[in-house]
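Think of it as A, B, C and D in the order they're written, each chain with its own count starting at 1.
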């Protein structure tokens, strides 16, 4: 297969995305699910940053010497998305901690069993 | 870890520097890389470091959780407050130009600084609160 | 009072009364008196509208616009007038009867009973006055829901099951068939109003006419055209006043009323005769008439027998509509009135037997006529009316239906005649058993049982509140025979519109 | 002042959330939240009237003109949804007091109300914004606060339910983020109106757009809980604090549905979605299956909150069905059902909140003979249930009318039968509850149960009264829905 080097970042994005999704779906351990979610989200962050990159562009900070800047919009968007991701992870971990306190386990199938199969 | 002198001394030396760097990132954000988010995390890092070295109770004495809640809310209020002020002054929500109609650029400076300050406050408080919330759990059980 | 006020009063008085009744839960006398008062008031309102309609007016009233272009509106035309008169008039008598029955039978939850009863009557009058399909459908559903507590009144497992069958069939059929039929009509014509002569002419492909008609007929499950008749026998677990007024008059008549209304005011008889869209219905209705008569013959339980007789008689009306000619419509309209009067008499008598001597099976009724001459006499007159023998009103409706069949499909005259024989077969044995068989010697067991129920040593054979109503309605059967010209005059415009 | 209503609509609950955290007093928090919800509702009503009278409103945040800046864009559709969300909040917030006092720790009350307000902020934000990325941000605000709210339920199952929701909700949110990213890649803009203009031309049928559509559809379907992406919904509804269930069930899936509509009709346009990519071929079967699966599973539930949750799944099927009919009547049915179902289901969950408060259980067996003990509450259930079934004179009938009309206009007779059949399944599960309440005698040994407090009864009846009111006075619901559908379908 002929892999275009210019699309290298996107290949990484796809691999991370699928790996993250797979982890979320296949792993029964709640912490691993959160890790999977994080990987999934990071892949999207990468996608945004990659598409904002302008060849030979510098970071979008005003400078006398620079010729081209990368698109600052993508960085700004992803900054927001990262914050959202952090918040989600925090809430997820907090829930995991409380689930561990309430059930004594973090394994999804055991929790379902303790809930009576719902 | 209170007994480790090296850690204590290093931390005492580092924490002010971290704060200083945080302030730089916070208020230099409109010229260079930086802003409220990053600065907030840096501030929080300083406090978390303090908590790690000197213990949770010491840290809570410095910034009680109740204060964190208030700071977080104040940050949001500051942010929203700027928006409200711009509306009162005749612009749309967060239209900084309206802060100083005679010198729109000046208005923008003031506006972005205040908003970023709000963001910084909230992020600091929330990061610390998250840390405290998790750190506390282990001790209870 | 203006017509609008009268329309509003005659529909909403029962509805509001239903709510007010709840407040008198602890005061049975006030509650029952109030029920009676409202019944009389409603009937008075309906009556005072009658002269206007007879004079050719069409009092109308738009309540509100429910959907853009679709409103809850009411307009009184002769058929509706007739139906409203029957429902509200018989309500008075039934209320008197119900008070006697419910107290004599020591029923629980009497307040709920009278509340739901009032709401059901309000819905029936609303259906009678409705000016478009949507309003009719709304009242139809309100009637189904409000009568459910009446069917399941005893709260036993059996009556709840019957209630489920009742509501299940009625709701399913109406939602599954009636509603899409209305939406389809709206889609085709942009209106659902009842217009003399129909609205569908030229708007619907010929092939679709039987289909749409089928949706309407089976959608009106209350008309109990087979195979959607199962709810009617099931509903017989209800207290007898309910069976009498609702399941012989209001509920089932809303069903056939819908059928007649749809045939005359939505399709128009011309469309149906031109396209032959109602031919299939003649056969289905004929089958229903014969099949349910045969079933009725085999039932020993009096109320069950009457229920199957009702199914059969309802299909007379459907058949009249299916003939889709002026005499058929006239016959259908007549039969709505005649059957109502006759069947309510029969149910009143059956209920009196239950509440006074606790007899439900026909074979147990030997000789009872000698003890209860008035009740069984009324039963006899009612039977004549159902069978269609002078001097009762039923003979007129049979007459028009036969004439109509002669026009539309001669062979079906045979169905009408045979089924009349059947109805003699299932009604007359009751009368002969009651009057001509000897009364069996009363066993000790019976005494004990009666003692338990009545609180006195002797069986009470005539409770005034249970005996007067059947006698009154039996008299009504005869009066309808004598004064049928009034009825004819009322329905004449409907006939004219279908000429 | 009135010019700034779009901004105030979103900013006010956010500010209030911050204030509530500072104030900390449960009673004052409750009062603030209630007041804010009422003001929001008034603002939304004003906006709706203004949009209907004088056309769409555009509000430029920060004074930057679109497509550069973030724009709040209000047309009949989202004005309608704004009014729906804030109206429901205005009824549920005062109601929450009694229920929350019984179900949530005293020292968390202020945080509870803060989360409630943030949730409201998020939903209003999603609805009002005209910027695709902004939708994602507000969506996450809503989701995060709902995770927290659900986790506050008494039962430990609330925690696992919330976690489940978090995982699936994040996947959904991120899918929307990916979709928006792909569109940004293709067009370089985030403003929805601008995106639409740029997508109309050469890009319309490109693979990137197709993938973006796929991600956006899947993402919003997860949040809507469209079958088979509904796994999070039943437990989340069943175990959340009752007042939260009432709010979330009534609004959150509806807002997500709005997002889907916005993406399909405004962002991509019907031509791209339905003519080129044939999305209706996916949505239609899923909607129909959802209708049946939801209703059938609901019939077998003994926990009534769970039963209502599954019924929501079925009702969501109706709404998506309306979209996939691709005509004005169907879409209007979908929009009006969004409103009607919100009112009906909100009311039903409020009834259940009262039942849970008094009996301590949402189980069917606990409701035996309850109609005698709590007549007004139980009558409420009957009214709501009739609305779910779609009996005329209730709001549910109006939506069914338009859905059936839409299907008939397409000549889809099978779909007509499906819609009606599945609404009959509702009769079964509603009637079970009605029968148990009215026609069974209460357990003689059970403790005496009082009628629900007035602070719950009044809001419940306002909600259910609305379901009756909007069943007969349809100017605001069906009228606006038709207008919105007309504009979305691209008619002049």
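Operating definition for what follows: a residue touches a chain if its C-beta (ideal position, glycine included) is under 8 Å from a C-beta of that chain, and two chains touch if they have at least 3 such contacts.
Bear in mind the structure is a predicted one, so any value in this text is a computation, not a measurement.
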Chain whose averaged C-alpha position falls nearest the assembly-wide average:
D
Selected pair, greater C-beta contact count between B-D and C-D:
C-D
Cα centre of subunit A to Cα centre of subunit C, whole Å, reads 69
Inter-centroid spacing, subunit D versus subunit C (mean Cα positions, whole Å)
44
Computed distance of Cα centres, subunit C from subunit B, in Å:
78
Subunit B and subunit D, separation of their C-alpha mean positions in angstrom
35
Which residues does subunit C have that touch at least 2 chains other than itself?
none
At least two other chains touched by the same residue of subunit B: list those residues.
none
Residues in subunit D with touches to at least two other chains are numbered none
Interchain contacts, given as pairs of chains that touch
A-B, A-D, B-D, C-D
Which residues of subunit A touch subunit B once you look at their complex with the stated criterion?
59, 61, 79, 83, 90, 93-94, 97, 101
Given the complex, residues on subunit D that touch subunit B span 4, 7-8, 11, 14-15, 17-19, 21-22, 24, 59-63
For the subunit D and subunit A complex, residues of the former touching the latter
133, 136-137, 140, 144, 147-148, 151, 156-157, 159-160, 162-163, 166-167, 170-171, 173-174, 177-178, 181, 184-185, 234-235
Subunit D partner, complex, touching residues on subunit A are 17, 21, 24, 30, 33-34, 37, 40-41, 44, 47-48, 51, 74, 77, 80-81, 84, 87-88, 91-92, 95-96, 98-99, 102-103, 111-112, 115, 118
Under the definition above, what is the set of subunit D residues touching subunit C in their complex?
386, 389-393, 398, 400-401, 404-405, 408-409, 416-417, 420-421, 423-424, 427, 431, 435, 438-441, 471-475, 478-479, 482
